[in-house]
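Look for subunit A in each of the two complexes below; its partner is subunit B in the first and subunit C in the second.
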Partner chain A sequence: MTQWRPPLSLIGAWLVLLALLALTVTLAYVPLGAGNAIVAMSIGTIKAGIVAAIFMELRHRSGLTLVFAGAGLFWLGILLWLGLMDFLTRT
Partner chain B sequence: MPESSAFAPQYASIPHRDHTAELGMWVFIATEVLLFGGLILAYLVYRHAFPQGFAEASRHTEIVIGTANTAVLLTSSFLVAWAVEIFSPDTARITTWLLMGAACLGLAFIALKGVEYSKEFGEHLVPGIDFQFAGPRGNSIQLFFIFYFVATAVHALHMLIGIGLLIALAMICRKAPTTRHHTALHSAALYWHFVDVVWIFLFALIYLPGRSSS
Partner chain C sequence: MSEMNYLTADYTLKSWFLTTDHKRIAILYFASLIFFFFIGGAAATAIRIELATPQADLVSSDIYNRLFTMHGIIMVWFFLIPSIPNTLGNFIVPLMIGARDLAFPRLNLLSWYIFMLGGCTTLFAIFAGGIDTGWTFYTPFSTLYSNSYVIVAAAGVFIAGFSSILTGLNFIVTIHRLRAPGLTWYRLPLFLWSLYATSVILVLATPVLAITLLLIATERFFGVGIFDPRIGGDPLLFQHLFWFYSHPAVYIMILPGMGVVNELISCYSRKQVFGYKFVAWASLAIAAVGFLVWGHHMFVSGQSLVASLVFSFMSFIVAVPSAIKVFNWTATLHKGSIHFDAPMLYALAFIGLFTIGGLTGLFLACLAFDVHATDTYFVVAHFHYIMVGGMVTAYFGGLHYWWPKITGRLYSEYWARTAAVLIFFGFNLTFFPQFILGAEGMPRRYHVYPPEFQLWNVLSSGGAVILAVAYLMPLFYLGYSAFFGRRAPANPWNAPGLEWQTSSPPPGFNFTTQPVVTRAPYQYNRDFQAEPQNA
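This part shows the complex of A and B:
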């Protein structure tokens, strides 16, 4: 009766996600100036990457699925890049 | 899983059908990325314009509830991924329990969100209904809370749809699950994980800024 047990990769991903949550909340209280926002977004990106790679099984996918999954990110990049360029470069 | 005509005539095989369903979900998720992306773009523009106001507003959010809700969502995603992984006719019972557990965690998230909303209402932080904030940064704080309520309400709507999907799949998978059910569960799971990813970023943008200064 081992067929109902979750794979170790899933348990590992879940525990790492909870640890990263604890880490990001802790670091939010450490004064790092502008670094706080960078740390928060970086840890968020790592968490999202773990969810996408392991929970959403993208690490077992190739080719077309990765292109389709990446398309959303690509368009998001265009949206944020062109949308923010004006505001970030104004003097 | 005995099923001879488990796929529509446009598909060559069951894996072909499943692959198509997965690609379709990713196209849908791309549209959702852009929906939340637009909101986040607006947030970033205003945070860039009013950094102090946004930091001060963020300190008025309930970080304990926000953190608990993040843990709840991550755990519920784990349960769904587990259910997808072990899905088979022999494990129908445990799959059903895992999906019901994930749906209950989703409801717990919504309940905690409700507690949070009522606290913010009590503190007069709801723009358009009751917003009062004394101080020079009142306007930018109001902008932050407009983003906060729109983004979290749109996210909560996605949660409610996801909870409905999980409960429906738990009911369907209880008896004689087939590969079609596995495909449906896999699609719903992708959606649920995506809603989790959105929350990961909303959490970082809403609750974490401004904590290290006062």
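This part shows the complex of A and C:
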């Protein structure tokens, strides 16, 4: 009987996520001014990309699955766009 | 009734509570929703009794706050949102597409258990002391000041949200993957287009509600500044996130109702739905544009004027696909062979009530009028015309239409028509006076009011009594018919949909042979006479 083991790609992705988390926390204490937010958001985007590509296995999918995954991203864009419209235009 | 069907396959409790048959899961949902409907209805009854007089006679202001919160939370999340998708949808979707079950039967059962866990958690919050924030959980009251079971209730709603997501996923995959041979997208009954659009909203919007409720808990427990301006938060952020879900949730509630009405209007006019493709795409347009209008709930919140103008404009746009549907239903009636059976009475009531609700929604989309009407009974009347006059009426219509398929029995047409007419009159008497009260400036969420508002409030409370009786009636005559009604044939309405091609009630896996579809939906024979009903 063979025992199931998680694929190396999953373990690798998990380790990369932990490393990026550590990097986020470390850089939060380095005074970069407005750069702190940019760095944190960039790392967050990379982490989301790793989750989507590897854990959600979107790198192996095509067609309809990608359309629905893209729809999630598009709808997040709507939330940010119309939400920020209020915050950026308040007097 | 065929000897072996999904009801008679097994009688043990285990066979019900561990079933993966979509039809039995629909029945589990149906029983649960009746329970929640009457809990929410009891709160509404207490509210209307209190408002029959200007003074506080029945409850204190604090209890009144908890009553309307309980009414809202239970009705929105534990009745309206799951009602048509999880009962009629669960039962009918696989039958309509010629499938043996939904794509993920075990996930379907799991969704019911999650729903019940969420419901019980929320009921615990209500009976342990209640919640006084209103169903919207607005911050900073919910996070800083409310001394009630906010977190427990929010946890219940949070849990129930996962049930919605699972159902939405299941429907999307089922409609994509399990359609019978020949059942192309433009041969799908419009009920399925509506449920598909609803499912897209469920999957895309519900996670945002879950995140928002988690953020409330995070701020309340850990003092992290998210919504509280004193620690760096923004109270309007809560409203943006909440309404990003909750406005599309209105379409989660009404789109399935619109889907049911397509089936009813077509069947009882003996005609194809006029402008099929327009109606189909209008469902998706409502789902998409419905995500762009949430800020119309925030016109007086301090939101920027630019944002308010954009949200106001988008709110007018979303009325277009809704209007397409109403005009097309009306055009379907034109020169139809109209039969005023009970489901048709509900469908016609839906069109009228939804139109009033929709048009008054346009009033509220106007910035200037909304400032006057915000937090008045005008708003209360408007959304009840949509959610109760529209959605609940459609639910009752669909329930009657598919009742012979679900139970294998025919109900009393006389009592069903009587209930439908009573619901229509009771509803209008309850809620139309509230438009007038709102226009005259009576605010919502107060249990006392100036004496000059009493006449309209008495009319409204009187209407609520009629409505309550009318809502109870189906419990009796449908309940009676389930056990003692005349046996229904496979196709009592002589309808062409696939769900009518199998026996009533259907067997365990729905069809004895795989159906094949060769023509467009709604190919009705105009000489139809419904099976004579037992009076």
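Assume the second predicted complex is superposed on the first by the 84 of 91 C-alpha atoms of A that agree within 3 Å, B and C clash if a C-alpha of one lies under 4 Å from a C-alpha of the other, contacts with A are read in each partner's own complex, and residues count from 1 in each chain.
In this section, contacts are C-beta pairs under 8 Å (C-beta built on N, C-alpha and C of every residue); 3 or more make two chains touch, one makes a residue touch a chain.
Please read all numbers here as calculations on a predicted model, not as lab measurements.
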Partner chain in contact with A:A71 - subunit B first, subunit C second, else both or neither: both
Which superposed partner A:G63 touches (first subunit B, second subunit C, both, neither): neither
Touched partner set for A:L79, first subunit B, second subunit C, both or neither: both
First (subunit B), second (subunit C), both or neither touched by A:L21: first
In the superposition, subunit B vs subunit C on subunit A residues touched: B
First (subunit B), second (subunit C), both or neither touched by A:F87: both
A:W4 touches, of subunit B and subunit C: first, second, both or neither? first
Which superposed partner A:M41 touches (first subunit B, second subunit C, both, neither): first
Shared contact residues on subunit A - subunit B and subunit C: 64, 68, 71-72, 75, 79, 83, 87
Subunit A-facing residues of subunit C, complex: 172, 176, 200, 203-205, 208, 234, 236-237, 240-241, 244, 291-292, 294-295, 298, 302-307, 310-311
Complex contact set, residues of subunit A against subunit C: 64, 68, 71-72, 75, 78-79, 82-83, 85-87, 89-91
Parts of subunit A lying in touch with subunit B, wherever the complex brings them together: 3-7, 10-11, 13-14, 17-18, 21, 24-25, 28-32, 36-37, 40-41, 43-44, 47-48, 51-52, 54-56, 64-65, 68-69, 71-73, 75-76, 79-80, 83-84, 87-88
Interface residues, subunit B side, partner subunit A - complex: 19, 22-23, 26-27, 29-34, 37-38, 40-41, 44-45, 48-49, 63, 67, 70-71, 74-75, 77-78, 80-82, 85-86, 88, 90-91, 94, 189-190, 193-194, 196-197, 200-201, 203-204, 207-209, 211-213
